[in-house]
Amino acid sequence: MEKRFGGLKHILRAQDFSRKWIEEVLFPKTDEMEARTLKGDRGQPLFGKEMISLFAGESLRTRASFNIAMKRLGGEITFETEDVRKFSSMAKGESLEDTIITLNEYGADVIVLRYDEEGGAERAAAVSDIPIINAGDGGGQHPTQALLDLYVIQKHLNRIDGISIAMIGDLEKGRTVHSLAYLFGKFDGVKIYFVSPDNLKIKPDIKEYLNRHNVRFFETKDVREVASKVDVFYQTRTQTNLGTKPFDRADEKNGFTVINKQILDLAKKDSIILHPLPCTDEIVRSEVDPDRRAVYIKTKGDRMSQVKGGIYIRMAILWLLLF
Amino acid sequence: MEKRFGGLKHILRAQDFSRKWIEEVLFPKTDEMEARTLKGDRGQPLFGKEMISLFAGESLRTRASFNIAMKRLGGEITFETEDVRKFSSMAKGESLEDTIITLNEYGADVIVLRYDEEGGAERAAAVSDIPIINAGDGGGQHPTQALLDLYVIQKHLNRIDGISIAMIGDLEKGRTVHSLAYLFGKFDGVKIYFVSPDNLKIKPDIKEYLNRHNVRFFETKDVREVASKVDVFYQTRTQTNLGTKPFDRADEKNGFTVINKQILDLAKKDSIILHPLPCTDEIVRSEVDPDRRAVYIKTKGDRMSQVKGGIYIRMAILWLLLF
Amino acid sequence: MEKRFGGLKHILRAQDFSRKWIEEVLFPKTDEMEARTLKGDRGQPLFGKEMISLFAGESLRTRASFNIAMKRLGGEITFETEDVRKFSSMAKGESLEDTIITLNEYGADVIVLRYDEEGGAERAAAVSDIPIINAGDGGGQHPTQALLDLYVIQKHLNRIDGISIAMIGDLEKGRTVHSLAYLFGKFDGVKIYFVSPDNLKIKPDIKEYLNRHNVRFFETKDVREVASKVDVFYQTRTQTNLGTKPFDRADEKNGFTVINKQILDLAKKDSIILHPLPCTDEIVRSEVDPDRRAVYIKTKGDRMSQVKGGIYIRMAILWLLLF
């Protein structure tokens, strides 16, 4: 596995992946997973392999896509909890570390961990011989989401180098934005427009990383200012579950961070609109869903949706890790 | 599948089934499932098939029987949640529709949905290419329960046409009563006695349906009045989880809607007592359980229990849908 | 199965096992499970077998090890709930008995039940033809934990007869202590030191049992008094979830019931420290974990950890019960 993941034992942070591995190993395998799915291939390459799924914090896409990917490839989920904080002995005060060490004693081929505090996946990895996949750690990272985002961008724009992207919303706590920004550091000439209210700006450590990796970025509060310039809109929700207060996206005093008809009118014809979902009020769905550029969920025709990219990427990751 | 289900894509409402399909397709397949189970057949006709199980609202029988049926036939449950409201992104404000669309993108052969609001299954079906099975939607319907109820009646009485049935309890909110009443509209000469306190009477839309389908029905508050006339007692619980206040079933000012020794003494020798369960105080279990006519749970001898009918019906439904 | 379990139909209480069965059937099978695991054997002896897992009350080790054991041996978990109180119809007032009878109607080969009230497993067994495994019942028993504890003691000390053991902590509510104490009644010359604050002493019924079976026991409040005499330290946590108030383990007015460097210095070189886990503050982990005698979780070298013994014992139990 170590070779297949370019020396990585665990999947913790987006910046750990190499561009070479992403382009030459992961994306081709992901294409293969799409082809396999479209063919209805029922082979079981992961027969006998064991996954453990531990989630603290609600999840639909991440949990469902890892579970479905694992089982569709013939693997087994030997232990699973919908809330490791509530249903495991963590409710009695057990540490995350003891939880992970225990599961290591029992054995498995991979542990998928969603945790509700930044650094959870790294703490788990520090005591685990079993590969840990960080499925989101509080306001930290969500590396497999970033990989799928990148894959969907590549599919639609046929390149990553040189693209312009607006990353919009709660940039302080949105972990998918953090992970994706780190990945752009691996590519050339990406230009990022961070669009958020003043109190939800991107964190300094990410800016420093981008500076170090020669990624140009700009900050604004109004998506209308940049709408005509970007190839990708990456909208994100307000992380109310991590403590951000809801705010009016179209109220000028907060800036303007909603995507609606007005933005579509300004946007390039061949741009795409992404959103890691779930979506509440930050996209006016009735106006935007019918547009061909909206690819965050079900698409018109057979364009790949971001959601669909998610299952192919996770199938590919599990295959590379376990086969 | 469409042919097998008489043109139905989803299983949403009891009234959508045709009598012909019930009698000529479903019931024979259900008999086959019983025979297969008694033989201990371990074949895996549904190998490679994928079910998703989404429940909002507590369930034992419906969830367990669908899960067990699917796995016993060799199918896989690729994603499952015990509380889609709490553990999926619906907890972050995601709509039911986006949840279902997402799972469609991932793919599955069937989605079993218990929802806590009337109309949930229809909303899901409106955006789903994957067949949705309504496993209960708030105070709405529970069509597979109605099918199993009908199957068990047929097994014990050897007919549906012309039977007399008392449907007792919280008729306003009890969705199993609604679904079963709709099914009776497909048969001839069924006579229904609705027995409930004044404030929990059956809804007008169901009465209109029955009138349109020439099903005779009568309303009363006292099960003693009808006990000697009916072939089937269909007792139901007070839907406290949907807002009905608990009340004394034997307190005359509410009518009389408990089943006890007194009712057994009045009842026909070959009548049967059904209850979709769970049961709290609406059957005096110590008096009624030992009676041969009580078939809602474990029965004396090898009479088919209503509970057991539940797993055979769900095996049959999954087989017809997926094989 | 009855023969394999020495006449037992259900696994409810530690005192029901015979020494002969433990030594001649269970332990050799457990060794075989270890060997099988170390070899990476992927055979599926339990293919087609069905387990139901019902938990009320948080669990990591018990639930995970039964689930992993079952699936690793090729069996299936056909229905599972993380909180039978909350997600099944028990939330609507259904009794434990009706829940178990219902699942009997559906069928399974074994039901693993964690319940939050003493006697839960016995109530379940009273209405179940399917074997019930008591996976802990409130302040009652936890027989499979006791078996694994005994197995790990045997592995490290190469004997059970004649050992001295300190059982430390919340002896009133700690069900693992109860079950293990009952098992010692099957062996010769075991000496038990019960170490607890005055208000958390072992219950009279267990003392009577030990007297009847000629097991010598002593009670004290200070583990330092007995540390140099024992072969096994069996530390347990304060059962705050069952109502015990947290207390300072090293505050002299409560006695002294913590395990730390001071205890290690007093302890025999070849003694072992056990703990059924989870562990909060009753072991000073930074001081004790690095010690070779600490075998409750990950061990130095290839000594068997107590945690690891848990999965081998449960594999053996399921094999003996179902194969």
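Each chain carries a letter (A, B and C) given by its place in the written order, and its residues are counted from 1.
We take it that a residue touches a chain if its C-beta (ideal position, glycine included) is under 8 Å from a C-beta of that chain, and two chains touch if they have at least 3 such contacts.
All values reported here derive from a predicted model rather than from experimental measurement.
J.: How is the touch graph of the chains shaped: line, ring, star, complete or other?
T.: Drawn as a graph, the chains make a fully connected set, so complete.
J.: I need the rotation angle between the copies chain B and chain C from a CA superposition, between 0 and 180°, in steps of 5.
T.: 120
J.: Where the centres are mean C-alpha positions, what is the separation of chain A from chain C, in Å?
T.: 41
J.: Among the residues of chain C, which are close enough to touch at least two other chains?
T.: 82-83
J.: List the residues on chain A that touch chain C in their complex, please.
T.: It is residues 48, 50, 52, 76, 78-79, 81-83, 86-94, 98-99, 101-108 of chain A that touch chain C.
J.: Looking at the complex, which residues from chain C come into contact with chain A?
T.: Contact set of chain C toward chain A: 37, 42, 55, 58-61, 63-65, 67-68, 71-72, 82-83, 237, 240-241, 277-280, 297-298, 305, 307-308, 310-311.
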